[in-house]
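Chain lettering (A, B, C and D) follows the sequence in which the chains are written, and residue indices restart at 1 in each chain.
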Amino acid sequence: MSVDTLRLVVSSPDRPGIIAAVARFLHERGASIVELDQYTSEPGGGQFYLRTEFTIAPARRAGLAGEFATAIGEPFGMHWRFTDARQVKRIAILASRADHCLVDLLWRWRRGELAADITLVASNHPVLRDTVTGFGVPFHEVPVRHGARDAAEGTLADLLAGQCDLIVLARYMQILSGGFLEKVGVPVINIHHSFLPAFPGAGPYERARQRGVKLIGATAHYVTAALDEGPIIEQDVIRTSHRDTTATLVRLGADVERTVLARAVAWHCADRLLQYDNRVLVF
Amino acid sequence: MSVDTLRLVVSSPDRPGIIAAVARFLHERGASIVELDQYTSEPGGGQFYLRTEFTIAPARRAGLAGEFATAIGEPFGMHWRFTDARQVKRIAILASRADHCLVDLLWRWRRGELAADITLVASNHPVLRDTVTGFGVPFHEVPVRHGARDAAEGTLADLLAGQCDLIVLARYMQILSGGFLEKVGVPVINIHHSFLPAFPGAGPYERARQRGVKLIGATAHYVTAALDEGPIIEQDVIRTSHRDTTATLVRLGADVERTVLARAVAWHCADRLLQYDNRVLVF
Amino acid sequence: MSVDTLRLVVSSPDRPGIIAAVARFLHERGASIVELDQYTSEPGGGQFYLRTEFTIAPARRAGLAGEFATAIGEPFGMHWRFTDARQVKRIAILASRADHCLVDLLWRWRRGELAADITLVASNHPVLRDTVTGFGVPFHEVPVRHGARDAAEGTLADLLAGQCDLIVLARYMQILSGGFLEKVGVPVINIHHSFLPAFPGAGPYERARQRGVKLIGATAHYVTAALDEGPIIEQDVIRTSHRDTTATLVRLGADVERTVLARAVAWHCADRLLQYDNRVLVF
Amino acid sequence: MSVDTLRLVVSSPDRPGIIAAVARFLHERGASIVELDQYTSEPGGGQFYLRTEFTIAPARRAGLAGEFATAIGEPFGMHWRFTDARQVKRIAILASRADHCLVDLLWRWRRGELAADITLVASNHPVLRDTVTGFGVPFHEVPVRHGARDAAEGTLADLLAGQCDLIVLARYMQILSGGFLEKVGVPVINIHHSFLPAFPGAGPYERARQRGVKLIGATAHYVTAALDEGPIIEQDVIRTSHRDTTATLVRLGADVERTVLARAVAWHCADRLLQYDNRVLVF
């Protein structure tokens, strides 16, 4: 008998009995829980978060979401969403000249490691065209001319409209306006080449070298209107020494950047990320 | 209103509805789930494991365990146990001459970091007596004379009888017999100074150097009658280079050993470890 | 004034004055030492190893190697070699079906990160042909039929003869005979998907899962006739948990494998690796 | 024949022939180089740094330093110093209430792992007295009353005068004035409980939690008059998750702090640290 795999993600004011209510609801509809994770920001009075993955017979899915709303979601005052593991998210990638994060995502996607569809790549430079089309993905050049960011953002927004559920900035070296973020209306993940909040802004490797830090790193975060201050999804670091030039740091850092970004994107696509204040819960 | 914090740990053949049944049972008795983690070895037919930590009013505790047995545990064919977070485990430590793992545990215990009582330390050498008594812990010398392991194990077993819920081998350099393990009847955690299964047995640092490995490590595991083959609880490694002598490896390794052992002991004391075949689940 | 960058790598019985003699020799010929590293296996009587990178005016290079032999190399009983940083090594890669290590090397080579030329890729399967030719590198299919390893090795050896200074096994799933290694006469680097000496041989991820280890890893080593026992160049590990299936371990491990192999190949190409007994010094 | 182990540390404008000159000088005086490491900030025109450890017969030591000055140090315009590995540095430790860094240093010193003498511990609180005296080390309470930092610093400076070659701040929670640093005239190493330059100042764990970082860390640095901006000696990080409370971060961080501080102190005591601008070279 074939089964569907669904996910339910819940955020709610903490109250006794939430897990019991959710688990019972699923059990009574013949669903079988594969995974369930939960977190309470403050035991007995904070915010409650839950993610569960369950299998269910296709015939039992009809009306599931509506019944949940009536029986559980609304009475408990929850935010919630159901997703279907088979309906993978559509990703649009923005890049500039550097190819490491972009190629890494394309390659993981091609080998079936990324449960997502990469629907298009857009760049403010033409240099990555062949690389992208070689993977069978459409490439769009959207130049950003000096003093004409608004026009470029307008072109980009039109291009992306309805084409993606997630935008990934794979070392896209342009700052996106709050207006653009609002207009595209889907989550945006960026990779920053430092272990934020250290070295926000430009040139982090050069500044890391000048400050003499012994670790360099990378940070994947959701993009908000406040530059480099969005909620952090994932971070990692690598050891460095006084022998490493800035060029070496750039090269070493590239390996960390692509790994960290790939993890963040994979978690997002598996509905494992929940935002809580300016933080991200990884379930 | 004061509340008690209890833990419930469950192992069971996987069946639909276990989480719903457990969560409902707790909710109906006024318990509030603080943490709940679960694992199924094989979705839809394997072994099911669950750990939950919950608070409950003292007045509602009476009969809880008995009711659980009747309503949930027996019908589902579970193994289960309730523990009270306040009833900390009593630890007996066995050591030889090396002090690093022993001192680290004693120090963590003194600063309140280890939710446990260290009730006694026994050693086959007298050298650590002052160190141990300086922490206010009784020290017992139980020499192991050549060809007289059985007698020493008998003395040890008498000493430990009823005094501890966990035995920790903090670099105790004697092999314990299956008969001893059976007689003491409590779990035994050992720290091995290599990243098992590499370099089982004696002299791992010397052999690591000869083999030219680039990482050395340590492994905390439950002790079984099969030497160095018990279920692994925790492991970690540290980078090494050709410049490190065996003496340097011993020194570097000591830091990994004490960290790994401390984590394993803390997890055991928080009822976070479940055995599944020859593996350990860390919840 | 343009300068050439050369490297000198020395192995010698330890004797007083080697560094002084080498440094003086270079200084008197107008060379400028950029980097110098040295190691003695046992102070005052072991084996001495030295690697130095220096710049020198092209006009002063004539006769350098010959003068070194007469003045230093032979009197001290050294093994030594000079290399020119600009004469990059030619690499032939052998692969099977898995593309992760192969693509990673090709991509690093294309972006100029690998100071080497990838001259050809050979595989016992046709599946990676398009991937390889997409990078502009010749691809050769050399099938290995059951019971006909010798014939396949003969074909391979003919293909490789004079075409490469280094062979890299990028998850090539065939065992190479001692005879083949001798015939090709260049160093061979392999990536093994475990932290050797744990889990030598086949299926390490499956066995890692069964043994319940908390870390999985990869090992790059020089290939010798003794399977998985050649000198270790580099290793790294990644944390795993009971939740990871064997398929997940394979995927996580792939990231470690490609990083570890890339480091090993880069070090070899920069003449940073010296063999000492069955160990590798990384300078 | 017994030998002495000496170290020579050199900083100099980069010029051709420095290594040759130093190595030849040592060789001609019968010294045998055990280790030699060198770094040039910019090949062919930057600053040159060298550290070498060598053995020499006691009879050949007379006049060594003076001859070096005349023959090498002054002609090359160097800063240099010779140290004797047997003349270990005297360390004074300042602490407040937290014991983890302090106990770790005392314990490493007692087991002979730290090539140094711990001559005294001073604290602005009395609570660590028994801990310190239990290791046989003098303890001095030097309270810092509100508005009377100058007086306290005066007392401290008198206490330390001539008693130490290095001051270690093992979580000493008072800011030291530039005047004090000048008066004591020896290097001061501090451990900061964040991966600087992220979260300088007070309360880094609380701020790390609020910012939602996925790694917490610690930084050992030389103290300068600019708070938390002195040259970084060593750093490390540990992974954290949304489940960790600030209290958990403090506990996890303590393990990183003590490890990082111990490494920094050990390197300083082995004369492995050289300052270059606001950076530290680790040889």
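Convention: contacts are C-beta pairs under 8 Å (C-beta built on N, C-alpha and C of every residue); 3 or more make two chains touch, one makes a residue touch a chain.
All values derive from a computational prediction rather than experimental measurement.
Common neighbours of subunit B and subunit C (chains touching each): A, D.
Between A-D and A-B, more C-beta contact pairs are found at A-D. Farthest chain from subunit B, judged by C-alpha centroids: C.
Computed from the mean C-alpha positions, the centre of subunit A lies at a distance of 37 Å from the centre of subunit B. Between the CA-based centres of subunit A and subunit D the separation comes to 42 Å, rounded to the whole angstrom. Looking at subunit D, no residue sits in touch with two or more other chains.
If you draw each protein chain as a dot and join the dots that touch, every dot ends up joined to every other dot.
Chain contact summary for the complex, subunit D toward subunit C: residues 16-17, 19-20, 23-24, 26-27, 30, 32-38, 40, 43-44, 55. Subunit D makes touch with subunit B in their complex at residues 99-100, 103, 107, 111, 113, 134, 251, 255, 259. Interface of subunit B with subunit C (complex): residues 39, 195-199, 210-215, 217, 231-237, 241-243, 276-282.
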